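What follows is a group of structures, each given as C-alpha cells.
First chain A sits with chain B, and in the next complex the same chain sits with chain C.
Up next, the complex of A and B:
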C-alpha cells in the first residue's frame, strides 16, 4: 500500500501567487481611485437614451445601463466613492478606537470599566441597523451613513487594542523601562506599547475595510447611502438589480469588484501581520 | 560602614478584591552596605522580588521607608528622583521578556540615557558601545534584535542596559535562574568582574543557595514576607541560626553526603500570605515550634557573629546570644 506524505493543508503557507494577486488587485483599486477621471472613457453621468442596456462593445466595454450611461465609466468613478466612504468609516474607528483601547488597556481601573460598559452599549446595535436608523433621522447621505458605520466599528478596534495592550503591559520590558524612569506617552506609550500592540490591529483593519465596503454597498443599495446620480459600487448594483432580466451581466461587474477587493484586503491584511512580526527581521 | 540604602520597616501590600490586601513584604528592615554583595534568598512567593521592586521604587511601600544615602526616596524631588533612578538599576529574571522585541540591542541599551537626557547623541552611542563591550557582547551583535541572540547574550544586554547609567547599586532579581548551569557560572563571573570594575553594590536575589553562597558577602533569608535571618554568607551557610534557614540548607542536593536520612523535610506548602499564620509565620512547618510560637511574634535580634535571627527559641537551639549585641552591623 502506497502512502504519500504531504503537509496538512492548513499549515501550508499561502502561495505567493495569491498574495501577489491580492497586492495587484489593491494596486489597481488604488490607481483607479486616484485616476478615475483619466481612465474613464465617458462621463459617468452622461445619458444616451438611444443606447440603453447595451451589451459589451468596443465603445462601451461593459455595456450601458438603463439610461444609456457607460457602465465602465460609472464603475471607475464609483470605485473612488466607495473606497473613500469605506476609508472614512475605518478611519473613524481607528482614530477613535486605537487611543481609547491603549488608554483602557494601560491605565485600567475605573476609566477602563466605564469605557467598556459604554462600548458594550454601542456594540449591542447591529452596524447596518444603526446606520439605517441614523440616516433615516438625518436624511440619506453617504457621509452620515459611513460615520455611523465608523461609530459601530469603533468598539471592535477598542476591544482588540485593549486586549493586546493589557498583554503588552504585563511584559517585563515595560517594567524594565519604568525601572529607569520611562513613563508617559512619549517615553512609554509611543516607543514600547504602540509598536508591540499594532500588529494584530493592522490585520483587523483590513477585515474592517471589507466590512465597510459591504456596508457602503448595502446602504447605497437601500438608497440610504450614495445618492443618484452619483455612481458607487452600491448604487450601480441597485440599479442593475432592477433590470436583471434584460441585462443580467451588469450586476456582476460591481459585485465582482466588491468581492475581489474584500478578498484582496483579507489576504494582504494577513500578510502584513506576518511581515510585521519582529521575529521575521 | 557606609550604608548606601536603608530599608526601615518596609511593608508592601497589594489589594485583593474589596477592602482586602495581601502583604507581600511585611516590616522588613535592612541595611545595604556600600561595596557589599547582599544575597536575598527565600522560596517562591516569599516576597523577594517585591522587596527588590520596593528598593527601586517600582512598587510603593505601604508602610515604612526606603532611604538612599540618608534621604527618603518617597520624599525626593523630581530631580533627585531622576538621579536616584540612574544610581539604582535592576537586572530582571527573564532575559528574553525584559527586552523590547521591536528594538535593536543598542537601542534598548541606550534607552536609559535617552530617558534621563544625558549628553549628546554621539556621546550616548559611545557609552552604549562601551557598556556592551564591558559585558562582552561582540560588536557585530549590537544591531541585532533580541530574538536573534541566545539567552546568555540577552542577559548580557540586560546587564549592559543596567550599567549604562553608571549606577552605584545593582539589583539582580533571579538574574541567572532562567539560564542553564554553564551560562549561570559565566554570568556570575561577569557580575563579579563588573562589580569591581564599576565599584558596584549588588543585591542578589535568588532561591539558589549555591549561587548566593558563591557571590554574596551577606545573606538575608525571607519567609512569607518577613526577614527570618541575616548573617555573613559563610557564617549562615556553616551555622544557620533559624530553623527555616536550617531546613533550606539541608534541602541542598549534595552528592557527597552519606544519605538523605537526616535531611529536614518541611511538611506542607508555604501558607497563603492572604492569611498568614499567627505568631511566628514559620511555626506550622517548624520542627522546633512550641505553643508560644503560635502566639508570640518574634523580632530580628542580634545573634553571634554579627547576624540576626527572628526565632523565639534561638538561644535554646543555637546557643546563647552574644554579650555585645550592638556590635551587629545589621539592625
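Up next, the complex of A and C:
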C-alpha cells in the first residue's frame, strides 16, 4: 500500500458520478435563470395573508412564507437574482483584474512592484469585511454590494493572471515573436500573450463564481445586498430565519440551493483545470 | 540574534502595508456619494447644522489634512468619536472585540481539530475510497455558507434537541460558563469551512511528504507507521500548514461578521452591521481597519514563527 504514495496526486480524484451530478446541477441552475418566469407557479412577491406558513402542497410545492408568498416561486426568481449578481461581481473582477495582471506580468519592474504592493494591502483586509465597508459607504443595495465583491475579487484575478503571464513571457515563442518585431498591445500582447494566459483563468472562474454567490447570500442576509421584497437566496434565508421556530425546515431549501450550486461550481472548476492541464496527457 | 533579525525583516514589510491599509480604510469615506454632512444629518437639516457637522468632522479641510489628522489619532489609539452615540470609537470597538476574538479562536480550534486528522487520513492512500470520501466532503464543506450551517445547527441542536443555547449571546462577565456554551454552535458554524480548507491543504502537503525519500529511509529503519506519519511527515508539512492557518484567520474574521448576526452575538461583526444601518461611518472605518490589523499581525506572527521553526528559510 505504500507504493501508491509516490504517485503524483495534485488534484483530488473524483468519481465521474459526482462530476456528472455537478454538470447536471449547473444545467438546472442555468435553465432556472433563463426560464424563472415560465417555471414559477406564482408571482414571487404576491402576498396572500390567508395562507401563511403553509406546508408543501400541490398548489405550493415548497409551502408559503410568513406573508403567504409561494416559496418555490421566490426561490426560482431568487436564483436568477443571485446568479446574475454573482456574474456581475465576477465580471467586474475580470474586466479590471485581467488587463492589470497581463500588464504587471509582462511589463514587470516598478509598475509591477507598486501594483502588487497595493494588492497585498487590499488582500490584507478580510474579503467580506472590506466588501461590507465599501457597501456601507456607497449605500447598501445589490449593485453596490456586487461592485464591492468585485473589488475584493480583483486582486485574486490580477495575481493569477500575472503569474501566468510571467510564465508565458519567458517562453521561446514570445522571444521568437519579439525577434520578428512583434511589440505593443496589438502585435504582441493580444495575439501572443493573452491566448496563452486565458485558459487557467477560465478554470478559476467557477471558483470565483462560488465565492461571489456566498458573498451575495451573506451580504443580502445582512440586508446589505438585495433589498426586500426582491427575492434572492440571501433575502429568502434572512426572511425564513425570522420564523425559524414556527417553520424550522423553511431554511433548508434556499441554503441547500446555495450549497449545491457552489459545490457543483467547485467540482466543475477542478475538472476544467484537470482537463486543461497539459501534463495530464 | 536570529529572532531579532527575523522580526526586523518582517516588520520592514508589515509596517508599510499597515500604513497603506490605514489609507485604504480612510479613503473608504471618499466613496460616500454626495455630501457626507447631508448623509449624516438628513436632507432636511438646516444650513447651520450642516456647517457644524462639516466643521466637527473636518469636512471643510483637504483630504490629506484629514487623513494626517486621523492617522495621528489612530497611532495614539484614538479612532474618533461615533457620530450617533458620541462615544469614543476606540471604547466601542474594544468593548465588542473580545467576543469576536474568542469566537475566531474557537472556530480556528474546530477547523484544526477536524481539518488536520482528516487531511492526514485522506493522504494515506491517494485515490482510495477514504481519500475520495474526505476530499468530496471537504469540497462540500467549502460550499456550505457558514451562516446557513449556523441556522441549521440552531434548528437541530437548540430548537429540536435543546442541547445548546440558541441565538442571543451571554455576557462573559455575568456567566462565563454559559457564555462559552453559547459560543459552541457559532464556532462550529464558523470553523467548518476552515476545516475543509485545512483538510485539502494538509492532504496535498502530506502526500508530498509521504512520497519523499526521507520517508522511504525512515520506513527502511523500521519505524512504526504512526510515528512516521505524525512525528516526521506532519512536521515537514508544517510550513504550508502555517501559511493556511494565517489565511484562515482572515477568512474567520470575515465569516464572523455573518455568524455573529445569526447568533445575535455582540462582536465587531454585528457592530459593523449596526453601524452600517445607522450610517456611523467612523465606526465602520475603525472596524474595517481593525480587521486588517488582526490579519496583518497574524501573518507577521506566522512568518516569524516559521522563520524560527525552519532553519532553511533565511
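Definition applied: the second predicted complex is superposed on the first by the 260 of 281 C-alpha atoms of A that agree within 3 Å, B and C clash if a C-alpha of one lies under 4 Å from a C-alpha of the other, contacts with A are read in each partner's own complex, and residues count from 1 in each chain.
Simple rule for what comes next: a contact is a pair of C-beta atoms (placed from the backbone, for glycine too) under 8 Å apart; a residue touches a chain by one contact, two chains touch by 3 or more.
In this text the structure is predicted, and so the values were computed from the model without any measurement.
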| field | Fit-or-clash call for chain B and chain C when the two complexes are aligned on chain A | value | fit
| query | Which partner does A:202 contact after superposing on A: first (chain B), second (chain C), both, neither? | reply | neither
| query | If you stack the two complexes on chain A, which partner ends up touching A:120: first (chain B), second (chain C), both, or neither? | reply | second
| query | After lining up the shared chain so the two structures overlap, which partner does A:18 touch, if you call chain B first and chain C second: first, second, both or neither? | reply | second
| request: Using the superposition described at the top, determine whether chain B or chain C touches more residues of chain A. | output: C
| message | By the touch definition at the top of the document, which applies to A:222: first (chain B), second (chain C), both, or neither? | response | second
| query | In the superposed arrangement, which partner chain does A:245 touch: chain B (first), chain C (second), both, or neither? | reply | second
| message | Output check: A:192 vs chain B and chain C. Expected answer is one of first, second, both, neither. What do you get? | response | first
| query | Should A:176 be classified as contacting the first partner (chain B), the second (chain C), both, or neither? | reply | first
| With the two complexes overlaid on chain A, what is the closest approach of chain B to chain C, counting only CA atoms, in Å? | 19
| said: Based on the A-chain superposition described above, do chain B and chain C contact any of the same residues on chain A, and if so which? | reply: none
| request: Using the touch definition up top, name the residues of chain B that touch chain A in the complex. | output: 56, 58, 81-82, 85-86, 89-90, 92-94, 97-103, 111-112, 114-116, 145, 147, 158, 161, 165
| field | Touch list for chain A against partner chain B, complex | value | 171-173, 175-182, 187, 191-192, 195-196, 278-279, 281
| Contact set on chain A toward chain C in their complex | 1-2, 4-7, 9-10, 12-15, 18, 117-118, 120-122, 124-130, 132-140, 210, 214, 217-218, 221-224, 237, 241, 244-245, 248-249, 251-252, 255, 258-263, 265-267, 270
| message | Which stretch or stretches of chain C touch chain A in the complex? | response | 16-17, 20-21, 24-25, 28-29, 31-33, 125-128, 131-132, 135-136, 138-140, 142-145, 147-148, 151-152, 154-155, 159-160, 200, 203-204, 207, 210-211, 215, 219, 250-251, 253-255, 257-258, 261-262, 272-273, 275-277, 279, 281, 284-285, 287-288, 291-292, 295-296, 299
